[in-house]
Amino acid sequence: MTNTYLISGAALPDGTRTDIVLKDGLIAELGTGLSAAGAQRIDADGLVALPGLVDLHTHLREPGYEQSETVLTGTQAAAAGGFTAVFAMANTSPVADTAGVVEQELSLGEQAGYATVQPIGAVTVGLAGEQLAELGAMASSRARVRVFSDDGACVWDPVLMRRALEYVKSFDGVIAQHAQEPRLTVGAQMNEGAVSGELGLTGWPAVAEESIIARDVLLAEHVGSSLHICHVSTAGSVDVLRWAKARGIRVTAEVTPHHLLLDEELVRSFDARYKVNPPLRRPEDVLALREALADGTIDIVATDHAPHPVESKDCEWDAAANGMVGLESALSVVHASVVESGQLDWTDIARVLSSEPARIGRITSHGQGIVAGAPGQVTLYDPSASREFGTADLTGKGVNSPFFGRTLPGRVIATFHNGFATVLDGELRPTEDVARFAAEQRMGARV
Amino acid sequence: MRHLLSTRDLDLDTAIRLLDVAEDMADTQQREVKKLPTLRGKTVVNLFFEDSTRTRISFEAAAKRLSADVINFSAKGSSVSKGESLKDTAQTLQAMGADAVVIRHPASGAPQTLATSGWIDAGILNAGDGTHEHPTQALLDAFTIRKRVHGAGSRGKSLDGLAVTIVGDILHSRVARSNVWLLTTLGATVTLVAPPTLVPVDTRNWPVTIGYDLDDALASGPDVVMMLRIQGERMRDAFFPNSREYSRRWGLDDGRLHRLEPTTIVMHPGPMNRGLEISAAAADSPMSTVREQVTNGVSVRMAALYLLLSGDREN
Amino acid sequence: MSARVVFQQADIARALTRISHEILESNRGADDLVLLGIPTRGVVLADRIAAIISDISGTPMEAGSLDVTMYRDDLAKHPTRTPSPTRIPASGIDGKTVILVDDVLYSGRTIRAALDAIGDIGRPRAVRLAALIDRGHRELPIRPDFVGKNLPSAQTERINVHLSEIDGADLVSIDSAAR
């Protein structure tokens, strides 16, 4: 099978029409009327060519929770959603708090071949919030870890947070904080507000997120380090971030697709697919998050893809697990929430879903845009398509999507990872083909 | 009526119909032969994930007086406590042919999940879910108020023009929530009185007035004062300093009782903490409806079971 | 659907007067008589019969009502029925002759339910049955003691009894429903 592709007539994010030749793992050539010997031709008339998407916040569950997801199935979900790189969160079992675990994750990703798996290291041993993990060892390991996070738990101890921020300066690392004041959120089930009061569900107050962000931007300023805020969910957090950025503090922030589209009213159904942490917030928070993404206060979109086995959601609300799968639906949901409203165009999408997450995550194999000579990370997207989202659109193991039954715009037609198609004609390529190519590429790299 | 999950989505006509049917049921309970053949052949399961002997025996009496077969399924000490899920329990009851499931569960929304999951076809009757709702308690409270006010002429009547003050732990009370929706639907004006720590932070959608001072609220001369049970362990989470201070500020003590108009109705859903939220004199005074509430509970639950289990359930 | 009037106001009045006389005759007077109407229209008819009997006998007589909803055996086959109140005259029914009054006698199941309901209230000396219309099609061994009019009908037809207290006019009609 050929590993050279000629994509003809695609529209770049800025609207320019071009042909694209992918060869030897790279974007070889851009221009009109291109030809390439032995290339597989792909008619991209009407499609947008986006730089391969990068997700700074994915839960791949392996090692330890393979019944929920594996590196293989998680990266297949990523490819189906147009992603070519995913940052794997550290809350596996064992926790990714040593060089051994992060190197294992890296290897599993390389073998699967569907997307680049960049491990995130834990900030504290076992995510327990008591003792720093071996951040330096993970940074110098083959996995080159630069992003550290206890996501799922907040680095609550202010001293520990300060030390972590300081320590990662030695290798230009960043601490990604899951901002949740634990004492204010004991037993929390949903956003605290009018709806929680009516439903009698224990509230998760916005202040529990905002107070930690406020503390941590001040700590980051004090020690001169960089901070990233995971899944920002409230209008108040946006205000704090806006203030911090205006002050010159090195803070970046992400918002999830679901927080851009869904609000707490959905919890009235007691349907556990809508249970997520941080919780769905008020409609006014959703609007504030969209504006913040448009004006750059929030830098990127990250999925917080969190697969769970069916039984974790097929139960009463209190007993259900937090989390939603998001890789497969992310681009369409962002399209529906901020592109259709005119707040973001495709250039912005390339920024918030590719170049910025790659920059924040300190990886260079992604996020360079569609330019000649860049690594061959390309996503072809049909913005005119429309579909009712259903289980058939999911390729990972988790089926805990909150978007079933919704009509979503757009469709990923093809994804190229390191110059090789992982998705073609809207269909995932066979596992063996992708793995074989990835192996050949590693061999080639070694020669 | 397919299910009875909350009072929030009961409209006025349905609420009055339930209360009127409960009047008919109450009439039959005056007779020598209290048992009616109405639900012969139907199976009612009392599925209790929380201990509540009072509520369970009330439902049990109601179902038995309508000749239904009653199965009591207590989750304590059963397969449920060994980790069986709500779904598996529901499917077991479905396989046994339950026609109605009366569920008490510590998780808000569990009855609604059961009703909408497709795990079971039975009618679902919420007997108290977490801190969400307890619809039959509110219905029996409304029934009790209506009976005290309108007597034998209660049928068809609403609670128009009545002022009801509910006092205590609103935040954690399913009884308060169900009463807020039902009593206002029936035309009553509801005032809530509680320590600010025990009121939800955002009550903008609640059709009530909220106050923190019990003496002010009682001075306005409410027709009904409903005292809620306060759990002593709340003080551990700093909701109030200790039970003495709570009792002084928010308890219906003898002094406050004597300042009430003698026609005031004093209610408590039980079980009471005598001397904490209500004094012994208040609980036992002729103004108190505590025992009537228990009696009326059976009639109201008979009405709910009747309306749930009669009629063409395919519709 | 076509409606055919089979009984006018005067017919109804005549029928009730005749039934009243028959009741008095069979009971040898108005003593120990209890009239119980079955809601909804049976109650109106029982009230009218009680008034006629009061006139004839010179002793005031009151009718009661007997709701049978809770005793039916077909609760799941119809939309939910809302029960109506049961009112038993203060003297009770023990040792009395109870006359059940209904508008239309059909399958007999309502009367079966009524007999069960009476059994839970007391022990009458005898129970008799008066119906304004007997349309046949009995499903149980039950027959009326006093009948206003026998009206043989097809099961597809509908018999409508209108009474002025409820419907604004007195008449009985048959709808031959096109099914």
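The letters A, B and C name the chains in turn, as written, and every chain counts its residues from 1.
Just so it is clear, a contact is a pair of C-beta atoms (placed from the backbone, for glycine too) under 8 Å apart; a residue touches a chain by one contact, two chains touch by 3 or more.
For each chain, UniProt lists the protein as follows: A = Dihydroorotase; B = Aspartate carbamoyltransferase; C = Bifunctional protein PyrR.
What you see is a predicted model, and the numbers here were worked out from it, not measured in a lab.
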Task: Most centrally placed chain - per-chain CA mean versus overall CA mean - done: B
TODO: Name the two chains that are joined by the greatest number of C-beta pairs in contact.
DONE: A-B
Open item on the list: Suppose each chain is reduced to the average of its Cα coordinates; what separation in Å results between subunit A (Dihydroorotase) and subunit C (Bifunctional protein PyrR)?
Closed with: 75
Task: Between subunit B and subunit C (Bifunctional protein PyrR), centroid-to-centroid distance (C-alpha), Å - done: 40
Task: Whole-Å gap between the CA centroids of subunit A (Dihydroorotase) and subunit B - done: 46
- [ ] Would you pull the subunit C (Bifunctional protein PyrR) residues touching subunit B in the complex into a rising list?
- [x] 67, 69-72, 75-86, 116, 119-121
- [ ] Please give the residue numbers of subunit B that touch subunit A (Dihydroorotase) in the complex, ascending.
- [x] 8, 85-87, 105-110, 112-113, 116-117, 129-133, 174, 177, 200-206
TODO: Within their complex, state which residues of subunit B touch subunit C (Bifunctional protein PyrR).
DONE: 1, 17, 20-21, 23-24, 27-28, 31, 33, 35-38, 66, 155, 306-307, 309-313, 315
Open item on the list: Residue numbers of subunit A (Dihydroorotase) touching subunit B in their complex, please.
Closed with: 189, 192-194, 196-201, 203, 205, 269-272, 311, 314-319
